[in-house]
Structure formats: structure tokens, C-alpha cells
């Protein structure tokens, strides 16, 4: 079987395992107070062009989203996101479990539209019965989005302006950030993101680590007591150095960027192969997720030939939107095999 | 420096790293649906003498406690624990954050007294204004306790009887379970624990793993939809196999038992050394945590000589209760060095 | 000024004040354990044709919705409602504040469509990643709806069937129940509602009381410990008899039905007046809420003439959807005055 | 029967019923935006000597406590109270239900000791593992306390100083405030309380109203968006004027003070009667609650003679602590009857 269903089918980049091996019997303080975490923090701040940000290492994405959002909102506030946002769909109501509504807005390609955010805020704050409705308290976006698409710099700047108008912190979920930065169609740098967002994270789990997300809090007022929130949520890893060692490795010699850029390049080859075979793509994704629209027969054939991928949802005309993930771990052999087989996929 | 302040200063047992290395580039499904998790589940059930229990792998102890307790209680219920219980003191109010009160009872040695539980239940359920008070909904104990002490089989049976009388699930936090089972004063087996408790976990983080706790749900009615709770809390590890591989390794060839028993044996030597030097112990702990009562001068000397340990709290007569942890990773050299230096510690 | 903006601009039906006056200095036990509450419970059960239901008296609608929903759902579950449902729009996220998502479905006229509920449940329960999504745990409907419309008996039966298929309790918010039962287009009796729903409430606040809602819990498994939930939410009125006396009065001599039916009759006259003047209605409401679509000029004129009403939202063509409420307290004089003025409203 | 078991066995002061009658068919806007609420707010601020405080009217005490505390605390914070504090004992875990721990301290007479608060804060904020513990976020006191006792001005000033040191808002639960202000042993005025506290409420339910508590928020930073919290909790009374009318009446012509002072005077006579008969009092209460320690025979005799009172808890020597409440509604006849019967109570 060759698995393309998600970007966490393998362990981690070999250099990370080497580093864990190398440091295994060293004694360090717990809870992220060790020197590896310290060094990883410095590296990440430098990459972001930040002098004073706080960096916290967490284990996974849902956990990170939950803690960040809970830490920012007041009890009567909600977080604005798209209807397709991960927090609105596939986190089992984790945000609601902390007491907050996800205020969803429609989306065509996975991105959140600044005008829609503005309209929602205006409607709320100008209402004579505003207090009967959930108050917008922050904005959540994912980059790349769940559809593999990217916000342009202009789009992100537009969101920033609306956030400034209404005093809303802007939070960017970068579970697949490496694959965004590694896309040829990306016009944002990590420094741009750090400049335009108040809080964001650089995903490790899907980008070469065993697990781990590096959260950066730039806005001063959001930093206070953040470690309490982590601990309260049961997310303060006892052996915190495991996260420090991994991010220290990923941000040495540009490893994070290199392995993700290679995966995006592979994904774009895959995309070309589908298109060349006359298969439409659901979204125009320039990153590591590709969404070919397949017939049932095509899906069955690929499965029969040993490929695993995700069946996302019916397209509405008898075909199905599917999802193929390429990751840092995808081998050229696996990719070439799939591309060859697409060539003989039929209809 | 030689660190004795906690039982997570090192990485993991070398055999675990080997297993991670060996399996690193294999492709597996995510979220604990892989064959390593399956095998680890089987091994653990076999060790517990259970045929039908559910086993879930989680990352850490606070996380596990929070999810288990939230999954069991109804909104108006609380969990009974000792005043010293980890959930009552050092988890930043994680239980309250899910909406539930920790109903605390006094303790002398860290164990929860069955009679006190019974009295609290009787008081509650017989009150004419019961509905103005939090209803007892389950019982939490840790084994070994936060004081290093162990419930005897008779004590655990007594708690079981009270739980049965009032219909309360009994949950055992086994963060240091290996060190309990490895104590010469332990009269319980893992099978006994599985028989007497409804839910319990076997700690990995403190007992040889990089991280991870293996939760066993025996009681049928508590099993339903448990994976939803895990996911909602952001605790469903994407690369779940990391947990499966670790527990599979720990429960092969009795590794878990062996490494913990050795640590307990070392801890008891350390205890003897303190006593031989005329230093009193705060609690009579037969496990890997030892609590010598030291003078400020003794503490300063040990620190000066390069030993790190925890200063727990003032004893009340000018001396201080300290905590020394021995773990699976403690070397005989480090231990002998400490024992030698205790011999010249003075007063 | 003549106020038509909501159905709680006056105090209460005079017979209620008389009863309060009459009983004022009697001594009774607190928290709803008095004889007036007991008698009101009996009356309500008799009206519902129930022998074994539990009746609880609460102060307001949002409070009632919050407590009921919290008492039914498990932490990973959500409540299904329409996008227009009061709990989804105008209760400041009170459901989310208790940890639960409102799973919203589109609606054309304010009613929840059984087929849509079924599709949502099927999608959820058949998903391979169900545990990453909020599990449907109950169904919420309002009757009359927020649009003044009514479910027919057939519609309610269809919802009941879907609820049975998926094991979901069906909860009916009857804040304006009197105005539904009093509509000539209503084909449901209170006994039908009691037969088809698991939990429901009869609104007092909008139907003649100073305040108060009478909650009926029919389903056995939902009754347990309900008074704990009321108290925990701070909703157990110390002088609970105030609620008992009010509902005892409302359900003596059919007062509740009579005063509401009269209001509906007045509302339908108002509706005729709007239609006769060529003014369209936003929804075809057969109850006490009427939604004429007015021009800005018409709104300004009515305001100038001393009428207060609610401006709901823009209709999209320059006109506005407005809301006029008739209640048990609306006098014929006020109504005739408004009807006369509609006749000279112009365009 | 003559009921002395609590201070809410009757309806309300007749002048309140008159006012409700008088205003019943007036039309007013909902949700507390009416002129009666406005006038009541002004009267209360004037009594408190405040120019800029916010006044909100709520229905009951548990509700008020829950909303206030939730509005102030951040998720990782708890509220400091005595072990006997109402929020810690008899509100069914309502504070925990909003996610917060009640950090309890021992008490001898029901009052919270400033030194103990300081010690707890010092211990927390100086701990190297502070983030593993709940952070103190505010202080809750009741005045009079649950034991009927009063803080002196000096005690309240001492608490204020500790609160200032640690930046903790001080909240005073004044469910029985009238009975405190009406005590001959009270050395505090309402203006003193307003000066020393950040938030407090004047109880109506137990002091002459049908229901209702008047919450005063003095501290500027705690005012923001408070109506959202009220609405979210389902506590924004639709016919808010009912609260306004009641407090407007209570604070006209000093009615609130007069009726409470009379009750305290009666309570002190009752106290004298018990003492004269050689019956000890559990606490030295100068307010409307009195706690005689009775034998079972004495309790039985009083019950047999038609008196109802609360059996609080065993005193430990075979006798029982009981509670007798005097209220604004207690008649001199009832009191004299009880006093006479105490005289023949025996042992």
C-alpha cells in the first residue's frame, strides 16, 4: 500500500531521531525550561524577525487552537472563522467545550473574506440588542487553508485592517505552514506573517516532527500567564525538551523549509498529472494537499492498485472530491508510481 | 549536577528509541488505529487479566485525569479526592475548568480513607437540601500516592465497597504505577487493581517512556464514545503509533516492571542512608519518592555539592520537607555518590 | 406611545396580582416545595394528559433552554436547531457557554425540517471520522417559531420519527405556546405536544404572567437530579411559590388559553389590515407575531404617530421586515387605533 | 405553624405589591431599560455615595454570585472564600460549573481573615511552580456572613489592603445586607462598603422584596459588557421593571433600612430569651440569624408546639446547632409566642 491520505503517516525526519538519540540520557529540567527549548525559541523568533515574542511548544493542533482561543476570549465572546475552518468542523466542538461559539462565515476557497468579517462586526456592534448575541472577540484563519489555498499578502493585510478597526486579535493556524511557505505561489514570508498576525503557530506534526507545534505570541497583552492555560489544559509536556529538540533541529540549516518545499514541488507534479489526464481539481491548491474530482470507478481502481487517499465528499454530479496529501516523507518512488498509474486511470 | 528533583529528567529507555528508529519510515494510519497500538492494547489487557477492557493511549497525566473525569461526571457532580490529590493541588484547576468541583477529604499519608468517603456520601445523600450541594459522582485515588505511599489490598477493597454502595466509579491514577508494583511492600498485583477499579491508567512518562499514559476502561458504561472526549480535548495524537510503539516495548519481556523495580530498590537504599545518618523521613514511602526532613544547612550543602532535589514545604520546626526522586534512569553511580555524601552531611 | 415591539411590555393579568396579594403574608416553604406549586403542577399535568411527568417552574426562557440542554447532553454532543432558533441567535451563546455546539440547519419559515435532521444524523453517524465532529445529542424546536409559524401535527410526527431513529430527545421551547394553541390554524393540542415531545415548556412570561416558564419533563431518563441543575444555574427561586401561584392562576378556568386566543384573533385582524392596505407579510404567521414589510417612509410615519414596533432586518429591496407583537395585554382600543392608521399609511 | 427556618417564607412588603398593582398595565421597554429601573439605580447610587457606579438588577443570589465571579476571573483563576462561604457550600458547584475553583480558607466565625488571604497569595505568587496551581483572582466575602456575623470596618479595611497588594477585586455578597446595616453592632455604612469593595450587592429577596438583588459595580474595569454576561446566563429579566419597581420602593423613605432594623431588634430579643433560659448560642450573631444549641428534647418540644426552624448540624456533644431566622415579615405576635415558649422549654 502507498498512503496519501494524510500528512502524518510516517514518524519524523531522521535528523530529529538522531537528536533525540544523542540527548537521550542528559538530565534537564522539565516543562520546557531546558536549554533545547530555549535555543529553539531563539531560532524561531529570529526566523520571524521578532525580538520580543513568546514561544510555547505544544503537542498538537487541536490542543493549540483550543488553548489559544480560550486564553484570548472573554466568556461572552466568540471566534470568527470560515464554515470550513478546522475549529468549526473537525475538532469535536473543542472551542464550544471551553464555552465559546465559533461565528462562521461562508467561504468559497477556504479563505476568510475581510469584507464578510467587517459586515459581521458592523452588524453586531451596531445592533440595539448586541448583548443578546455573541460578541466577536477574535479572528481565526488557517494558512494554508483546509483546502490547500493560501491567503495573499493583500488578503492578509485586509484582514489585519478589519481586526484593527474592531480591536480583534488575529490568530493564524499554521499546522501546514511549511507547505505554504514552500509554495511557488506564496507571496508571504514568515516575517510578514509575524508582522500581520497577533498569534500564530508553526506546525511540526505535519512538517517533519514526531509531533509538536510552535506557538508564537506577539501581542503583548496576550502573553500574560499563558503557561497556566497550557498546564490547565493538560498540555504542559513533562519532558518538554522533546519539543525543543525537535524544533531546534527543524530550524537548523533551514531543514523545515527544505523538506516542505520539496513536498510542495512533488504535489504540484501530482496536480499536473491529474490535469494532464483530464481530471479536474476541486480547489486550485498550490500546496501539498490536492483535491482531484474522481469517478467511483477511478477511485476503485486506485484503491485496487494499492493507493490510499481520502474520499472527502460527493461533488454533486456523481463524482467525488478526494484528497491526496504529499508530505516531507513522500518518496519520489511513491510519487512516480502514482503519477504513472494516473496515466492509465481511465474514466 | 545530579538531578533528583523529579522522575522525568531523562528521555526514555533505550529500547524505546530503538523501536521508534526501527519503525520510523513505516506508513501507518493515524489516531491510534495502527497495529502497534493494537498490539500494545492486547499486551496491557493481558497483563491486567481483562478480556473486554478498552485501552486508550494519552500523552500526559493531567490530560488523562481531565478527560476521564469529564467523561464520567454529570454537570452537577464532583469527584472525591484527598486534599493532597494531584487533581486538587497541581493541575491548575483543570477539573474545575471542565465544570466540576473536587470534593476534598483530609489525609494523613496521602491515601483516601474509605470511612471518610462514606461519611461524605451519607451526609450528602441524606441531606434535605442535597440539591444545594455538589453530588459525589466518582472517586479519584493515585497509586502510589503523591506521598509515595501505597494502598494495601484491604484499603482498596474498602474503597471499592463504599463505591459500590453509592454507585460511584473508582478511578486510579497510576502515573507512577510501575514504582508501586515494584515495591517490596506492595500486596497488590495489576490484576487486583484491574479487578477493584473501574478505570485506571498505567503511567509511561515517569516509568521509562518519552511520554504517554495507558488508560484502561473496564466498566462497560464508561466506554461509550470515549474517543470523542479525547479528540475534543485535543489529545488524540495524530501519530498515535508513537504511543503504541512505546507501550508495546514497555510491556515486552516485562521491561516496565524490571526498570521500575530497580528504581524502587535504589530508592530504599537511599532511604536507609538518610535514616542511618539520623535524618527523619516525612512519610514512610516504600516507593521511588523519598521525603527526608532536612535542615537549611543540609540542603545548602547538598546543593553546593551538585545535587538537585525538590524543597517541598517547611516542616514547622525550622526544618524542611524535601523530595528526592529515583527513576528508571537513575544510575548506580549517581546514587552511590549521593549516599556517600549523605554520610558526611552533618546537621 | 402605543407599544407593539414585544410581548412583555406590561405586568401581568390582573387575576395573578390578586392571587399574589391574597397569599402575600402566608408562610410557605421555599424553593418550589409549597402547595401552590404542587397544585399548579397537577393542573399542568392534567392539561397535558400526563400522569407521570415532572414539572419544574423557572423564571425565563433563556434560562430554561440553557438548563434543559445542559442536563441532556454529554460533553461531546450538540443540539440540532434551525439557524433562526432562539438558542442559535439571541441568547448570547448561552448553550456554548455550557460547552455545547448548536448544530444549525437552514430553514425557510422558521421550522426545522425532519429530512434535514435525518441527513445531518446520517452524515455524522456514518462518517469514518465521526469522533472528530460534534455528535448530535438532541433536537430543539420552538413552537410557535421565532417567525410566528407553527409545526403541523404531521411535521411534528416526522421529527419524532427521526428522533426515535437516532435516539435523540426532542425538546420544544414553548415561550409563546399559548399563542400557538390559540391559533385557528393550529392542528395540535397540548396533549399531542406532550405525546410527541420528551421535554417542553409552557411559557408564562409572554402569556400573562409577570415571569415564569413551566417545564414538563416526560421522558423518564431525563428527570433524574433535575433540581440540582436548576440550583447550580442559580435558577431555583427562593420564593418558588411566586411561580406556583402564577401558573395555578393561569391554568384555572382556562385563563391561559382564553387570553392568548384573544390576542391571536387581534393579531389576525392586524394582519388583514396590513394586507388590505397592500402591505406584504414576510412570513405567513397565524399567531401573535406579524411581520409586515414596510418602506422607510411607512416606518417613519408609524413612529411619528406614536407606534413602537421592531425593525427586524432589511428585506433586500429597500424595504424592511418589521415585527408587531400582540399580547394578552393588547387593548382593543390600541389595536383599532393602529388598524385605522394603517388605512392611511400610504406607500 | 410558625416558620422561622428561613428569611423567605412570605411574599413581599405590602408597599411593593401596591407599586406593582399601580404600574401593572403601563407599557415599558424590556430588559431593565425602563424608567423604574433608572430611578432605582439613581436611588441606590445615592445611598452608596457613588457617582459613577453601574447598577444591575438580578433575580437571586446564586445567580448574581455566578455571573459576577465569571465576569471577573480569567480561566486559570479562582476565587478566595471561606470554607463556610455560600459559594463554597450551598450553590451546587455553580462557580466550578463556570470553570473556576473556589480557593477556600478556614474560618472560625464565618469571616475571612486578611492574614490568611495574604498567606495564600504569597504562597501562590512566590511558588516556582505557580502555574501548576490555580491563581487567586478575586476575593469573595458575605456580609453579614452565613453565621450572622459582621466584618468590622477594620477587618474590611485589612482585606482591602491585601486585595490592593495582589490586585484582587473584592466582592461582597450582601444577600442579607439590610440586616447587617440594621445591627446595633455594625460600624460600617453603605458608603463605607461602597468605598472598600469593588463589586457588591444589596439583597432584596431576603429583605422585603418578592425577589431581586441590586448589584453595584464600582471598579471601572469590571463594568464592561456586563449585560452580555447577564443575558448569557439567562438572567436578563424580560420584564426588568419588576426589579426596578421593587428596589425603587425599598429605597424610598428608608423602607429597606427600617424593616430590616426592626427584624434585627426582634432577633436580639430572641437571642436574649435563649440566653436567659441558659441556652448557648453557636455564634455571637448581632443580626437576624440566631444559632441556639439545643438538645434533641428541646428541638422536639419546639416542633411539637408548632415552630419550624433549621437543624443545622450536630454540635458534637449530643446537642445540635439550630438556626432561627427573623425577617422583615416576622410579626411581634409570632416572636412573643416563641419567646414565651422558650421560657418553658426545659432541658
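A few notes on this one:
When the chains are written out, they are named A, B, C and D in that same order, and each has its own residue count from 1.
Keep this in mind: a contact is a pair of C-beta atoms (placed from the backbone, for glycine too) under 8 Å apart; a residue touches a chain by one contact, two chains touch by 3 or more.
Everything quoted here is computed from the prediction, not taken from an experiment.
The fewest steps needed to get from subunit A to subunit C, moving only between touching chains, is 1. A count of C-beta contacts for the chain pairs B-D and A-B puts A-B on top.
Using the mean of the Cα atoms as each chain's centre, the chain most removed from subunit A is D.
Here the spacing of subunit A and subunit D, counted between their Cα centres, is 50 Å. In whole angstrom, the spacing between the mean C-alpha positions of subunit B and subunit D is 42. Mean C-alpha positions place subunit A and subunit B at a centre distance of 34 Å.
Of all residues in subunit C, those touching 2 or more other chains are 75-76, 91-93, 97-99, 131-132, 228, 231-232, 236, listed in ascending order.
Across the complex, subunit D meets subunit A through its residues 70-71, 74-76, 98-99, 130-132, 135, 225, 227-232, 236.
Of all residues in subunit B, only 1-3, 5-6, 8-12, 14, 17, 20-21, 23-30, 59-67, 91-94, 97, 205-206, 210-211, 228, 231-239, 242, 329 touch subunit A in the complex they form. Considering their complex, residues 75-76, 78, 89-93, 96-102, 129, 131-134 of subunit D touch subunit B.
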